[in-house]
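What follows are several structures.
Consider the two complexes below, in which chain A is the common component and chain B and chain C are the respective partners.
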Partner chain A sequence: MSEPVVVAESLNVRFADQCVLDDVGFTVNRGEVFALLGGNGAGKSTTLKTFLGTVAPTSGSASVLGHSVTSDSDFIRSKVAYLPESVMLYGHLTGMENIEYFLSLADVKRSASDIEAALKRVALQADTWHKKLADYSKGMRQKTAIALALLRSAPVLFLDEPTSGLDPSAIDEFNQLVTALSEAGSTVFMVTHDVYGACQVAHRIGLLDQGKIVGVFERNGNELIDTEQVHTAFAKRNA
Partner chain B sequence: MLFADFYREMRFLSKQRYIVLFLSAVFALSAFAVWSGLHETKLQQATIERLLEKDSVDRENVLAGQGDYGSAAYYSFHVTYSEPSSLAFAAMGQRDTFPWKHRIRMLALEGQIYETDAENPELSLFGRFDFAFIVSVLLPIFVILLLHDLRSGEKEAGRYDLLVASAKKQHKLWLSRALVITTGLALAMLVPLLVGAAITQAPLAKTVAMVLITLAHLLFWVVVTVIAGRMMLARGQNSPRIASALLGVWLLATVIVPVVSDTLINQSITGPNGGEVVLTQREAVNGAWDQPYSVTWDEFLKTHPEWADYTDMESSFDWKWYYGFQQAGDQHAAELSKAYRDTIVRKDVAAGKASLMSPAMLTQRLMSSLASTDISASLAYEQDVRDFHASLRQFYYPLLFKGGEFELEQLADMPLYQQRLSN
Partner chain C sequence: MSIIKSVMFDEWRYWRRTKVATTVILIGIALALASVIVNSIEVRQASAERTELQRISEQTFFDQPDRHPHRMVHYGHYVFRTPSPLSIIEPGVDAFTGTAMFLEGHQQNTAMFSEQRQSSGLTRFSSLSPAFMLQVLVPLMLILVGYSCVTREREAGTLHVMITQGVKVRDILAGKFFSLAGSGMLMLAPLAIASLWAGVHGESLAITASFVLGYVVYILVWSAIVLWGSTISSRSNASFAILIALWVVLCILVPRIASTTAASLEPSPGKLETDFSVVEELRALGDGHNASDPAYEKLKQDLLSQYGVDDVADLPMNFRGVVLTYSEKKLTDVLNKYAEARMDEELSQAEIARQFGWLSPMVSMRTFSMMIAGTNLENHHRFLREAEDLRFDFVQALNHAHEHDLDYHTDINRYVNDDTAKAARVDASHWQVLSSFDFAPESAQFRLSHSLRYALQLLLWAGLMLALIKRASRGVM
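What follows is the complex of A and B.
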């Protein structure tokens, strides 16, 4: 786990007079699950959007697989699968049609059986695959988006509050999925405010507060990161 | 590759019911406008045919009952007309406000030309609901409604980041989506036009030119809408604000610029009106009855010196004197009439320059020009009428001035009106 995949160096983002990211720096290596933890307004989503290329850094640099987000966004998009916090796919299309549309958008070709396998893997019930997404619950939409991310077979996954809206058993399944992907060599960068969830799945956790990384926690060997320790630091910052 | 993107977006958008309904409504509007234009041109053609059918019969009957050339000229009417071109159905232009038919006698002409009923006075204000109106006025609204939220709509729906992160080439996503909507809009508007052009057998080159004008105006608004949408979204504006700003631009370009330029043109370019021309000519003709004969002859002979030796009259009323003062009446109003026409031309030239600031005006003018329904076509028809009237005078003057017995056969060579304007 020494090949840097997602790298932020002295990253600064300002909106008008507001400093949203202040000298943020971290490195996520190949096969690693890195969680950026923080409260509301800490700058988690801005960090993610900077890597997605929808927010431009004011200064500093952000890169994925050695390619800068400012000059090589097309390359980065081809290597990254993104799972948004609030999955809003197209309500007038079915789950299958949504997946087909977004795969086609990414120029990724998958057979119907591949798509079905991915939907089974995320435990989305088969009788809902051909229903309009407008009829899906939040959890079902989230599962559809996770299946889409899996089908992209991208080496890097960006996850924004990935377990938000999922029931406890689905969260467990999701965590297992992320672990499996990581073991298979995928690099996962997730932003979350779920301390427990982050500790269950992440190899390292960066604590973000008011645009700054104020602490980094990592696993000790095979032991999970200590939830209490992280929670204490998190609660102190958000008190 | 772009074709694959286009095909993907076409499949995607064809499943969005409101877009399909919207484009169907545009198609219905365009089809109605074309049908309405075809119906109107058919009515005008039928009117011309009916008038022509009765014209020769009526004249033959009238002439058969006359005993001298003066009465023959006085009682016989001649139908003049400007037939609608094969593309007039698409842009009726000035045919709603300028006359396209007259019944002319050999009396003073100015009064006969300008004393006409305004058949559709309300249309000069609002414009006819024809294809040109849809393209120049409504098309920008269609584009704004369909494309103002191309990006902002996705942002507000929470899909923007996922779309951008998923798209292999981000610009291709928006480009192909805008292209599909633009193509749908173009087809919805142009298919009825092409059917109309096929029915009227319009020349291919002019039909193609009409299509290109439509596409140029469509592309202009697509580019404006997409660029404005992108720039305003980057500044944090939402879809309603983007739509409001674009509708403001539409209002400025389509309503305010034309109205203000029309007001300014009418204030800065002034001249006589048609009523003044009619009044001047009529006063001159009516006054001739009370003036010495020499006043009429002096005026008449200024333009027709070849008849100087034929002005003697055998009685107090002679048809040659009567037509002499009709001619003199026209000459009296000639300068005013020319000034009136010059004013129309100058206003038209100024409107042409002003149209460079309003794509809607420019589109409408170009379409009217192609359909031969513009000011130039109206003035060309008016000139046709003047030329025909001059040929009538040229035909009758020798018969009136040289005297001689009335012979019906002499009238066989009487000139007949023929429209010179080509379709």
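What follows is the complex of A and C.
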């Protein structure tokens, strides 16, 4: 039986006179990868910020793991691993130190061997672990952030344009990681404008346009979502 | 708590790795340490010197041979103010007021040998007191160290990451606050050690503890100001500009405005004007050296009538001594009246300036520090009063000897020849009338009770900053 983890119901967000999210509703179940696809200004980041509790909904509701974003945002943040478009970690710290520091902030205790295992799992080369993050590529930073999410055992991952700026091999590696996490039971909610990437990993895709969900695509059994179909719908909306 | 600790340790790690903040902190510690060491040596030396000079001065007075008593009135005596133990940190007004005074008959001299008056411009700069370091320079260093503590995280996006990882804003701000306060405490450490040293050298435990505690609160207030500036700013350069402007206002402008306002609201008459008024009043009193001065005619007639004689030579006491005693009393009353008026004006000005502690934590800290250390204006006034009491007592005791132990005829004939001059002397044992001068700070209880208002000012600043940070933390999201 599917277990709803990320839920939006009739979600509306207005900034002054502008309607940014208009009656948005969707459910992401446990172990599912849900991609919210849309062009610039569609309202993707606002949706993500609403779930993170940094933007308050004007009306409607949003919840994560059954906790409302308006009343339990601290709890939600403690259960969510959030990867922003540009992974913001500390440039003056090494990859290992960044992970140790953020784990301490999350009050999670992990041994050095646990951290090394997580870094190996995300395929971050061992000779870079003790280098300062300032010297990392975007892909390496992302891997570090995912290793952190793994170590935090966060049941929910929020990804903001995760493949933006990555080279093709890094995108493949990333997609494999997301798939593996989902298979391990993590729930992944990502916002992206990368049609191909979304179709590669998502179980379902919601097409967002001008704050409204205008279409939902989902896998047919084990078949990936048809990229062509999604691309056509996306292009039509963003012509 | 562990999250706050993690944020705090990470901030220190950042400072260590970027080196700029570490350098500023090390410079702060080195300056504080150097100023404490230099001041301690100077004050200990001054204390030993003044104690010795006081002893020598008293001994020299006692060792004078048989003389005419009025020669001893003009021979005079020196008193020295030994510095309070905590003046190794807080010289207060002592650096500007004199530390020694020459006491003699018919005069109230001003205190001499102030450190600031004796030193040139350059040496003044070299004599930065530890109190000045902590009150003015340490806040500046805290700004240099911490102006970007929050804005840096905001600019790099790590603040957002931390918050979205579930870290509470108040924990982040608390961690940043403790890291800043910790660096301030490092710069405060030399002062704390020096305070212990002062405790070993006679200062009470309650005073040294309150003194250090006051500076701890002050450092906490400035750490909070820096954190607040960084929290409300979106960028590091804006935070730096805001905090530097605040430092200029709170540490330079408000103290300056305070003294200017005090001088405007309580204007002091010019020295020349006062001196003319004093001379005018004294002239009306007559010259005590001249017993025939018409100003003493009534005194003379009263005495003649009291003792039923026609000539002062027949009085049972030396009339010249009587006149000197009488005139010294009258003259001292006039001088004291002006001295008290001047001290009242100074105190009123100081009181007005101290009210600016509600507008600047630096002003409240400075006042609290001087009050607790016993180097405040009131203490200087007490020195002047105690010195004046000593002067009046020994002068009048000598006049009493003149009046009762020196025959009138011998006295008026003392300039006839050497023999009459020798005859007009009194025994040197009379010089023992001089009391020893031992100036000590007020009791611990007195100083503590009189500094409560300024402690309250500091605590209100702490409360205000707490409220401002709480308010600013809401905007971090």
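Quick note on the criterion: the second predicted complex is superposed on the first by the 238 of 239 C-alpha atoms of A that agree within 3 Å, B and C clash if a C-alpha of one lies under 4 Å from a C-alpha of the other, contacts with A are read in each partner's own complex, and residues count from 1 in each chain.
One rule holds for everything that comes next: contacts are C-beta pairs under 8 Å (C-beta built on N, C-alpha and C of every residue); 3 or more make two chains touch, one makes a residue touch a chain.
Every value quoted in this text rests on a predicted model; they were computed, and no experiment measured them.
Chain B and chain C, once both complexes are superposed via chain A, clash.
Of the two partner chains, both chain B and chain C are touched by A:L105. Look at A:Q125: by the touch rule set out above, it reaches neither chain B nor chain C. In the superposition on chain A, A:S78 contacts both chain B and chain C. Of the two partner chains placed by superposition, A:Q229 touches none, neither chain B nor chain C.
Shared interface residues of chain A (contacting chain B in one complex, chain C in the other): 52, 54, 74, 77-78, 80-82, 84, 86, 88-90, 92-93, 101-102, 104-107, 152, 158.
Across the complex, chain A meets chain B through its residues 49, 52-54, 73-74, 77-78, 80-82, 84, 86-90, 92-93, 97, 101-102, 104-107, 145, 152, 158.
Chain contact summary for the complex, chain C toward chain A: residues 2-3, 6-7, 10, 13-14, 17-18, 156-158, 160-168, 477. Looking at the complex, you find that chain B touches chain A at residues 8, 12, 15-17, 157-170, 173. Contacts from chain A toward chain C in the complex involve residues 52, 54, 74-82, 84, 86, 88-93, 101-102, 104-107, 152, 158.
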